[in-house]
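Both complexes shown next keep chain A, but they swap its partner, so chain B is in the first and chain C is in the second.
Up next, the complex of A and B:
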């Protein structure tokens, strides 16, 4: 008997360990095998891709993002928008007079798979990378791209570490900027003074936003009355967290996490008849497209977002996107669209040509990015710092009648 | 009031753990193996109900029946193909096979339904029960979950104690060799155990997803592990033990979330398991057996 209990304990340990790994160990195992294969292929191909310049006729731009899985809404938005922007650029004569080739790869929002995707793109002789779309994969990829000194611009990787490497820039706000901007927005518009927070303590995205939200909220005279966590392994039952926020008298529920969990939280809040102002950040974008989700639950939800498909200024893009993909673009798509035009502007600013080596392109791009100013979908007069951060105004949207309306 | 509401959500969660734990404990008691694929049978049950109700638009009750049928069949098939050939093998080999089956099921579900989370439409569409002048609201799913758990418990206990098949199960669990000598069909009995355990898993899957509305191919892994913990906690092999273990675990989890830390709730649950096993290695209701040397 003792033996059996010992065995079962070992098994629990093993099983809980696998569950801690984001409950997708099976995928990871598969990914590792793929990685090994990619690595082998790479060893044969590295010589050409790193040392020799590719054909020199066209720019080769790669994209990495989650095209399937939990965060697919983001990845597909980025893929489509990049495709659309590059098509427009090519039709208008290309970047600096050269046509652009483009290849997307799926990372399923998984850092290991993102590295596989990166290796696959390198074998294809990628010169510039747009991606990765989500923070964790982006951090993983940036370590690789930094080693290769390959220019990388992430449309939406908002964690601070995403652009820690000198070769990486971003279009969206960083997490601290989002948390800070949220607190400022809530205080300036007098939405509420008692704030409840539910956050995902297992992602740096969520904790990063909260850490910058907290001091700024205090500085603005807001009171955080409840701060409740959940983890990726335990993201189904929010009843206790909601109860605690409700009892603490929260007038506004700040939800710095992704829309899949947000949809569950909204449902359970409705069940418990808890109706504060719901305030999300960019991860909330996409909630209206969750399959089988009752969108009436999201009515009145506010989110910090730089883009709305209903804005007057973005109609040309929205129409083109709808015509091509019969879907409404989200802010990730807008970020990606701006990323392509930023790359175009920088290439022209630095007079970069496709026959330059990957490393030379990167060096020239790093300088050119800080010199350009873009009027994009996600902000006018956007500029970049040397560190890779964008400068632009924060904006918020509210969900009304099943659509995002800019405030 | 908030304590009561927390307690109720704990009992509701615990009831689901209990139903799953019954499957673990029965299979362990009778086949002396840990069926780690049990959690994924829950997921298959939930997807079966989802397909019937949300995709084909059939009535919810049909969804539950199909889920139970699919899981029963799956449980028996898995037993026949993966576990039966290993009947004489070491328990470690069977354990590894079970983990393999678990990943096989997860990846098949990934292939068919993709990793995109689906919104599971609750099979229970009744208004919530209001108590204490509306201060305490208990959702219909919670009530049905608890009632189902009690009914399942009752039926299972009567089945085992009052029917011939049930007695056969007890006999096989006591001594497989002697049971064979007494003319009991051991393979048939084990298959029946898997059938019942998997049918319970299907019910648990439908209830779990009705309560917590999100459905992904990984939905079974965490409740599966917690239910296994509940089974060990209550004394693995014991049916009332699984029930009590499940309920207590659910309550501990929710209370820990509320009064200690919402971040550490899972850690606390497993810490309690370790403490119980240190103090009472055979679990709360487990039989004390002397190690044969």
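Up next, the complex of A and C:
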């Protein structure tokens, strides 16, 4: 008994240590330290300006996302991009002539922690929220922000319920839209008729996309020959799923999940000499930057994504991001960058000033968001509906010679 | 004998007093406008973790069995409670009434699972309960991840794997949505309700400990053979303690699910169970007041360290280690006792 307790305690300590180590993996060490330095400077700067200037002179924008833990890649991407965009905005004269202050808070991809982060930001007198980055925390936060009538825009909360409240908007596609668009793209370009699907049944992202992919695929005359699930707990061995898809004669493998698992699937498909057309969604973006992954395996992989780091239009952003954080931005970062510029455009459209109350800002923003059109990294001529959904065209990219090529 | 009883009564009253004092202090602070939003948002989670820690202490400290699946019971309670609240949204318009019924339902469902697990496992000797509860937590989490429950025309429909399997008619609605869990449970948890639940939990646990049943449970913990030889029904008493502990965890789950708009099974994983066990171990196994204090401190700590950014988890881990050493290392205990002795001697001197 005592031994068992001792063992579990040891496990906890190990887990908590790896949790802090999570943000310091080789991939992001440089980025985090740089960001930490930048942030400290930023905080120092804002601290001084807050002392000098009375409140009402600057906009206070908060950000919530997973900065530690398993989903830290997404949260750090968003944090860095928001920081970068706000720096640019401030250098160019601010939003509607006012400087912008910015504060990120960690939610560890946990709805409970997200609420804590939200309350901490409220104590900081946040006026506009960019976040939360992941869907479930976003839903939890949106209920609170709706009660406070605080304007919220999520860069990447893709579940339908994320923007159910009238004060919440988003930049990315919703999950059902992606599933539908994927099925349409496959059918229109006659890529294949027999489709095998591998999906992550433990995430709402993956199941959400599949839920809408399935009926649309049937409507388009595509046949789903195999549907194989995995969960986050057993995402290391896909041989059963791959074998089943292979036996069912799938010509195209639809993979609505994130690139880390996708790299394993691609590797194991190659080992089994199974070579269908691989088709992913926006979570696939980033596969070329996976450590220890033979990128030649990703040759010919197609993905539906609003953003590519190799696109001509995004070069300025990618360069600036690389210079500041020595890391390649992913689509989360791109969505977050667009979110800042959408907020800027809406503030200027509605002639919003920082001395307005949080609720007044929200009301004005809700109207202004539907009136703006911006050319962003994730789409040109983006507009928003009253429900908070963006209108932009999904783009398909194909990996050729180790680079994303837009189709 | 009487003085022992009186001492216990005073000890118990002190614990209740501590909780009530916390409530009064918070009310006073918020009335004078000294509460930050951050602390305000943490009040309900703190109540929840206190209930979880106290209830787990009943299993680990009083009954002497190790449970690694406390989060599983919490999960069962949270889902059943939230499900009821959403299902009965039209039938019972009063949110408060629905919430109170949901609390009862959550507690009963969790107790039911506690009994199911307890009946076979608590007959065994050794650490089997730890293994089985660990498995239970994982099973519940994975089942809740793939289950879909919807309702149409007064009919409940349950399906696995995908929403389409529900075959809902057009006016139907999905309540439990697989990995998405239950979204938009109305927010009914308040600090006052949380404190009342904490008091109820304390009342149940402390009375159980100081009753004939509680003494039987502790006798079994201390010497199973001796207890058996005087005719105690081992399985019955262990099962009682375990299912009470499970039902209180279920109640805490309902409190959790009515505090957040998003409820998903992935939250109730192994780490959550261990987190609660950490509260119990650091507060002192078998020490109810210790559980309360450690749950409060360890919930507040990572949030108050937010200003430290990336270092806060590191500091949290270090604090855990220091607390563990201070609580259980023999030399630390000796040092503490020496200090206490000195203090007492000083006091008596002053009195003299």
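By definition in this document, the second predicted complex is superposed on the first by the 353 of 407 C-alpha atoms of A that agree within 3 Å, B and C clash if a C-alpha of one lies under 4 Å from a C-alpha of the other, contacts with A are read in each partner's own complex, and residues count from 1 in each chain.
The criterion applied here is as follows: a residue touches a chain if its C-beta (ideal position, glycine included) is under 8 Å from a C-beta of that chain, and two chains touch if they have at least 3 such contacts.
Computed from a predicted structure; not experimentally measured.
Of the two partner chains placed by superposition, chain B and chain C are both touched by A:231.
Judged by the touch definition given at the top, the superposed model places A:273 against chain B, while chain C stays out of reach. In the overlay built on the shared chain, the residue A:159 is in contact with chain C alone; chain B does not reach it.
Contact with chain C, but none with chain B, is seen for A:136 once the two complexes are overlaid on the shared chain. Residue contacts after overlaying the shared chain place A:244 against chain B, while chain C stays out of touching range. Contacts of A:173 after superposition: neither chain B nor chain C is touched. Of the two partner chains, neither chain B nor chain C is touched by A:317. When the two complexes are overlaid on their common chain A, residue A:214 makes contact with chain C while staying clear of chain B. Contacts of A:341 after superposition on the shared chain: neither chain B nor chain C is touched.
Common to the chain B and chain C interfaces on chain A are residues 1, 4-5, 8-9, 11-12, 15-16, 19, 23-24, 68, 201, 229, 231, 233.
Every residue of chain C that touches chain A in the complex is listed here, in rising order: 36-38, 40-42, 45, 60, 64, 66, 68, 127, 130, 142, 145-146, 161-164, 177-181, 183-184, 187, 256, 260-264, 266-267, 271, 274-275, 277-278, 281, 285, 303, 306, 309-310, 313-314, 316-317, 320-321, 324. Of all residues in chain A, those touching chain B in their complex are 1-5, 7-9, 11-12, 14-16, 18-19, 23-27, 30, 68-70, 72, 108, 201, 228-231, 233-237, 239-241, 243-244, 247, 260, 263-264, 267, 271-273, 290-294.
Against chain A, in their complex, chain B makes its touches with residues 2, 5-6, 9, 13, 32, 34, 36, 54, 91-92, 95, 99, 103, 106-107, 110, 114-121, 128, 137, 139, 208, 211-214, 216, 218-219, 221-222, 224-225, 228-229, 232, 236, 254, 257-258, 261-263, 265-266, 270, 273, 277, 281-282, 289-291. Listing the residues of chain A that touch chain C in their complex gives 1, 4-5, 8-9, 11-13, 15-17, 19-20, 23-24, 32, 36, 39, 67-68, 105-106, 110-112, 115-120, 122-123, 136-137, 139-140, 142-144, 159, 161, 164, 201-204, 206-208, 210-211, 214-215, 229, 231-233.
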